[in-house]
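Several structures are given next for inspection.
Here come two complexes built around chain A, the first alongside chain B, the second alongside chain C.
Right after this comes the complex of A and B.
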């Protein structure tokens, strides 16, 4: 794995971790029970993907997935601003879900063709799980299509989705990231180094 | 001296932490076992990457191998080698008997909503294929929720991976 690939994998891992965290915020309060279950499951998958991607880079760097996920400062994260947003509106949540899955499918296809068998193998595995996220996102897209609130959410978020596929556009963060980081790393920071769970 | 057969035997006694009716070997997550100089190396291929049971599985395998008097090394394979097709025929029957519809075979193309909504999914209780998709997601990442129109029983359907 070369440096460019490490950077790319970390970007995707950061996206998946942060989005997984945001998706999990619907647990218990989604508009219907089915979506409570769906978003909780999707969140669990995304964080699982983040972990596996961190693991792959950690092996190269001689560190651990936890250190990569939680021991960096907020400005060292490479996630796209769109995943950082705390969306409390269902139309916006579905718009982000749809746009994210659309971009994620494109980058996973690229990774599946990587010359590095570890990257290609993991991308193929992740893609099989993401297939179910895409079906879910499409189902909601079809259901909400034509609704003005959903159309407005899509129009607002679509420009931000471009960052997901372009490393050059990354680096800027929303003011929401530090607070999210604080929540995400709280348990880890409260434990002395070397604590085993 | 521990043999690979002994290791396979103890691994086949370890229940899946979330669906204890089937063993880790029946689930197909043990890809390979190699024994060298008292060291046992197990290639472990995870199911869903976010599955919280993975750690429990890994620790249980290590513990059983230690009980045989050997040093375990559990190598987690982060590749595409696990598929629901790896669940053994015995494992699939045990799943069905416990009310979990076994996964459909993996196809060349990714699953689609049309396929998930089709009548190709059999109720594990009465055998009817008049079943409806209720939710792509369920209590764990590996399962969907369906409802049988014939016996009016909701059931959990394994996703195909």
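Right after this comes the complex of A and C.
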């Protein structure tokens, strides 16, 4: 895996990790129990993908998936601002979900054509799960299409989705990222590095 | 079957289906009992939910998210049984947030540390699975059937909880402290969990064979299964009177039944905050449900 590939894989892993963390915030409070279960599955898939991607890079860097996920400082993350936003509003959440899945599909198609069989294989595996996310996102898109607040959320977030497909645009973060980082690492940071949890 | 024959039928181990004719009193008791179970699964999500964001490794994050997802899934299944008995899910949810219906005592308390997360998954779920296993023989067959799936999943939660606890107990002094503090905090609510030791023949839920064991029987089973494990890990239970007597019965200090009554009638330390939170979430997403209904019409 060359340096460029490492960078790209880390970007995607960070996106999946942070989005998974954000999606998991719907656990217990989605508009209906069925969506609670669905969103929780999506969150688990995204975090599982992040873990698999981190593992690929961790091997090259001589570290672990957990260390990559938790032990960097917020400004070292390469995720796109759109996944960092704390959107406890269903219209915005679904708009982000739809836009993210749309971009992710394009990104995964590229990765599936990678010369590195490990990267291509993992991308194909991830894509098999993402296919269900896309069906879910499309179903909600169809249902909420006529809702003005959904149209507004899509219009607001669409420009930000471009960052998902362009490494050059990455690097800036929202104030929500350090807040999330603080919370997601607080238990882990309470004990010396290397402590088992 | 008249009511007396029905009673004899269920007391001799008979099971009934949703399509059978059910005595009104039996149906009302079933709804009350099963609805409270559904409420408890749903409210049980909230104490753990706060820690989903703080899970310290990817593996713990995945396991905790999956566990909480299971609880929501259980409430969905359970409310469906209530719905078949005549009370729609939306009404159950309305009654829950208005405080009209109840949920289990343990879900009214705060989750202060990662130690609590482990103790909840290990010991609270262990106490719950004892009650739930006693429902596998429930006289209402649809409820007994879903309990198979639920018990199976709960047993995974206990393994997850035990793993969290074992890891902490093998860790630093601070980590062991977290566990001990959590056990001390949760012991009172755990001892109250199975209810006061009313004779089972006087418990209407037993009389109708909705549940198949008495409260004290359940508590004894919990103590027998878990106190030795707690001790083996080097943890202390905050009850100087706790011991197993020569005849195999566990003796313990009288649990605080006033606290139990106070808590389940809606006055627990976190009751109001959690119901408010659920109320707010429900109000904020009302437009989504309305949009779907309009779409379906």
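As a convention for this text, the second predicted complex is superposed on the first by the 196 of 197 C-alpha atoms of A that agree within 3 Å, B and C clash if a C-alpha of one lies under 4 Å from a C-alpha of the other, contacts with A are read in each partner's own complex, and residues count from 1 in each chain.
Just so we're on the same page, a contact is a pair of C-beta atoms (placed from the backbone, for glycine too) under 8 Å apart; a residue touches a chain by one contact, two chains touch by 3 or more.
For clarity, every value in this text was computed on a predicted model and none was experimentally measured.
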Exercise for the section: For A:172, decide between first (touching chain B), second (touching chain C), both and neither. Expected result: neither
Practice task
Kindly classify A:4 by the partners it touches after superposition: chain B alone (first), chain C alone (second), both, or neither?
Solution key: neither
Exercise for the section: Check whether A:124 is in contact with chain B, with chain C, with both or with neither, and answer first, second, both or neither. Expected result: first
Exercise for the section: Examine A:192 and indicate which partner it touches, taking first as chain B and second as chain C; both and neither are also allowed. Expected result: second
Exercise for the section: Look at A:136 in the shared chain and tell me whether it touches chain B only, chain C only, both, or neither; answer first, second, both or neither. Expected result: first
Exercise for the section: Using the touch criterion from the header, give the chain among chain B and chain C with more contacted residues in chain A. Expected result: C
Practice task
Scan A:51 for contacts with chain B and chain C and give back first, second, both or neither.
Solution key: both
Problem - Contacts of A:41 with chain B and chain C, given as first, second, both or neither - result: both
Practice task
Scan A:27 for contacts with chain B and chain C and give back first, second, both or neither.
Solution key: second
Problem - Interface residues of chain A shared between complexes with chain B and chain C - result: 34, 37, 40-41, 44, 47-48, 51
Exercise for the section: Provide the residue numbers of chain A that touch chain C in the complex, in ascending order. Expected result: 21, 24-25, 27-34, 36-37, 40-41, 43-44, 47-48, 50-51, 54, 65-66, 69-70, 88-90, 143-144, 146-147, 149, 180, 183-188, 190-192, 195-197
Fill in the blank from the handout: Listed in rising order, the residues of chain A that touch chain B in the complex are 34, 37-38, 40-42, 44-49, 51-52, 55-56, 117-118, 121-122, 124-129, 131-132, 135-136, 138-139
Handout entry: Sites on chain B touched by chain A in the complex
Key = 48-52, 76, 78-82, 110-113, 116, 134-141, 145, 159, 161
Completion exercise
Interface with chain A, chain C side, in the complex: residues 42, 45-46, 49, 51-58, 60-62, 65-66, 68-69, 72-73, 75-76, 79, 89, 114, 167-168, 170-172, 174-175, 277-278, 281, 284-285, 287-289, 291-292, 295
